Amino acid sequence: MRTAPGRRGDYRWFLAMPTRWMDNDIYGHMNNVHHYSFFDTLVARFLLSHGVLDLAASEEVGLVVETGCRYHAPLTFPDEITGGLRVTRLGESSITYGLALFRSGEDSAAAEGHFTHVYVKRSAQKQTVPLPAALRTAAEALQA
Amino acid sequence: MRTAPGRRGDYRWFLAMPTRWMDNDIYGHMNNVHHYSFFDTLVARFLLSHGVLDLAASEEVGLVVETGCRYHAPLTFPDEITGGLRVTRLGESSITYGLALFRSGEDSAAAEGHFTHVYVKRSAQKQTVPLPAALRTAAEALQA
Amino acid sequence: MRTAPGRRGDYRWFLAMPTRWMDNDIYGHMNNVHHYSFFDTLVARFLLSHGVLDLAASEEVGLVVETGCRYHAPLTFPDEITGGLRVTRLGESSITYGLALFRSGEDSAAAEGHFTHVYVKRSAQKQTVPLPAALRTAAEALQA
Amino acid sequence: MRTAPGRRGDYRWFLAMPTRWMDNDIYGHMNNVHHYSFFDTLVARFLLSHGVLDLAASEEVGLVVETGCRYHAPLTFPDEITGGLRVTRLGESSITYGLALFRSGEDSAAAEGHFTHVYVKRSAQKQTVPLPAALRTAAEALQA
C-alpha cells in the first residue's frame, strides 16, 4: 500500500536544512506538520536562488493550491535534513514540485511530497498570470 | 482543474479553532503549513473526545503515513475556523480522515485535506496493530 | 527565587485560546516557545477588538522590542487556556503589556510575561511615533 | 532606553541556523516568537554536543523556568543566523544562558536573550537535582 521511497538520484536541486528542537513532538519524532515547513522553505529558497522571487518587489506571486506528503520514516531533531526538489508538472500558469527530505547520509527519502503553485497578480490574487520566464527556464532544467 | 470545495454537510464532526497571529505570513494570509496544524489538532481532539487516545498511557498510537491539503480560499488571522472531520477509509490497521476548514459563517470549505494513520505499538513503531475497538466504533459513525 | 504566580484578579482583559497538538514537545508539555505565540495573539486580538490595529491599512504599527516569560506550571494540549492582559507601562511611543496564561478553572497563572511595543511608521520602521490615540484610551482602562 | 546590542566577542559557543520561510510574518520580518525557537535549539544543541542531554535516556532534564528576548534589529528569511551562547549564571540546580542571534556577516547582535533551566527528575518534575556534572564542566568554560 505504501509506495517505495524515492532516492537522491530522483531529485535535481538540494538544500541542507537543520531541524529545530521544537520540531519533535510528544512521540519524540518530528511532527507531521513541520515537514511542510521544510517543503515551503525548499521551494522559496529555490525561487530566491534563481532570481524568480523578490519578497518585497515581486508583482506576481505563487499561490499554493495543493500540497501533500507521504511519511516513509521518522525524522528527529537534531537531524540535519537534506531537502531535494524536482519539477513534476509545468503548466501555463502553474507548477508542481516534487519534494523529498533525506536524513544525513541516507539515500532513501524519509518523506516525499508535492507542492503546486498557481501564479497570480500579488494585488489581485484571483487573476492568474503566465509563469514568470525566469521560473520556466529554471524549472525546465529540473524536470524529472 | 481545481475541485469544487466541500460543504459543512459533507462533514460529520466539528470543532471551533481560532487562528493565531503567527499563522499569517508575509502575504497577509495563513501560511499553507498551518493548515496541517489545524488538521492534526482536529484528529487528536476527535480521538481524545472519544476516549481513543490517552497521551500518556496509550500503548497503541497512530503513526501518520500520508497527509494532503487543497487550498480553496485564503484563511486569515483573526478568523475563527471551524474544522470538519469525516472518515473516508477504514482499514484493518489504518484509517483515513477527510478534513475541512471553514471560515466563520461560510458553508463552503476554505481548505480540505486528508490524513492517514496506521496504528502501531508505541514501543515498536514498525509493528502494525488492528485499529483500537473504540476508534472503529467512533469512526463507523462518521463515515462519509 | 521564583516569584509567586499572579491571579486572574491581577489582569483586566481576557481571551480564551485553545492549545494545538503541536504545542506539546517531547516531554509531553507545551514547549516554552509557544507561550509567546499566545502572548502575541493576545496583544493582537486586544488591539483588533479596540479598533487600534487594521492589518492591511494601519500606517503606524507596534514593533516588538522586548518580551519575556516566567513559567510557573506546565500547560499541555488539549488545555483550554485563558489569556489575561493588563498594561504595566504607558510611555510616549511605547507600551508594555503584562500577560498571563491560565489553565481552565485555575485562578493561579501557569505562565506570566511581558511584551513591549514601540510604535513606528510602517513604511520607515526606525521612526517612532506617538501611541495611537485609540490605543492610549484603551490602555488607560487596563492599567494595573 | 534600549540597551546597546552585544557583539560576537561577548559569546563563547556558536551555531549556524538558517531561517525558514514561515518565520516571516505579515510585516516581512521574523516574528518575535521564532527567536525563542532559535534560542531553544541553541541550548539543546549545546547540551547534545557536550554529551549532557540524551533525548531518550536522560533521567534528569532541564525545566525552562524563565526566558526573555530584546529585539535590536529585524531578522528576515532567508537570513542565515549565527546563534551565540554563553553562561551568565551557574547555580546549584539552575543555569542561565545568555543567547544572541547574529545576521550573517554582522558583528552586532540582532537579538539577545536569556534562558534559565532548573534541573529536575524527568519522572517527578517538582524535585530539583544538582546540575549534571558534565553540564557544570561544559558551562564553566562558557562563563562570560
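We just call them A, B, C and D in the order they show up, numbering each chain from 1.
Simple rule for what comes next: a residue touches a chain if its C-beta (ideal position, glycine included) is under 8 Å from a C-beta of that chain, and two chains touch if they have at least 3 such contacts.
A quick note: this is a predicted structure, and the numbers were derived from the prediction, not measured.
Novice: Give a one-word verdict, same or different, on whether chain A and chain B use largely identical residue numbers at their interface, taking over half shared as same.
Specialist: same
Novice: Among the chains, which is located farthest from chain C on the basis of C-alpha centroids?
Specialist: A
Novice: With centres defined as the mean C-alpha position, give me the chain A-chain C separation in Å.
Specialist: Their C-alpha centroids are separated by 34 Å.
Novice: Per the centroid of Cα atoms for each chain, what is the distance between chain A and chain B, given in Å?
Specialist: 22
Novice: So the centre of each chain is just the mean of its C-alpha atoms; given that, what is the distance between chain B and chain C in Å?
Specialist: 29
Novice: Using mean CA coordinates as chain centres, what's the gap between chain C and chain D in Å?
Specialist: 22
Novice: If I count partner chains per residue in chain A, which residues reach a count of at least 2?
Specialist: 21-22, 24, 26, 28, 31, 33, 37, 40, 55, in rising order.
Novice: For a test of understanding, state which residues of chain B touch chain A in their complex under the given definition.
Specialist: 1-2, 26-27, 31-34, 36-37, 40, 55, 61, 63-71, 74, 94, 122, 125
Novice: Mind listing the chain D positions that touch chain A in their complex?
Specialist: Touch list, chain D to chain A: 17-18, 20-22, 24, 28, 37-38, 40-41, 44-45, 48, 55-56, 76-78.
Novice: What residues of chain B sit close enough to touch chain D in their complex?
Specialist: The contact residues of chain B facing chain D are 21-22, 24-26, 28, 31, 33.
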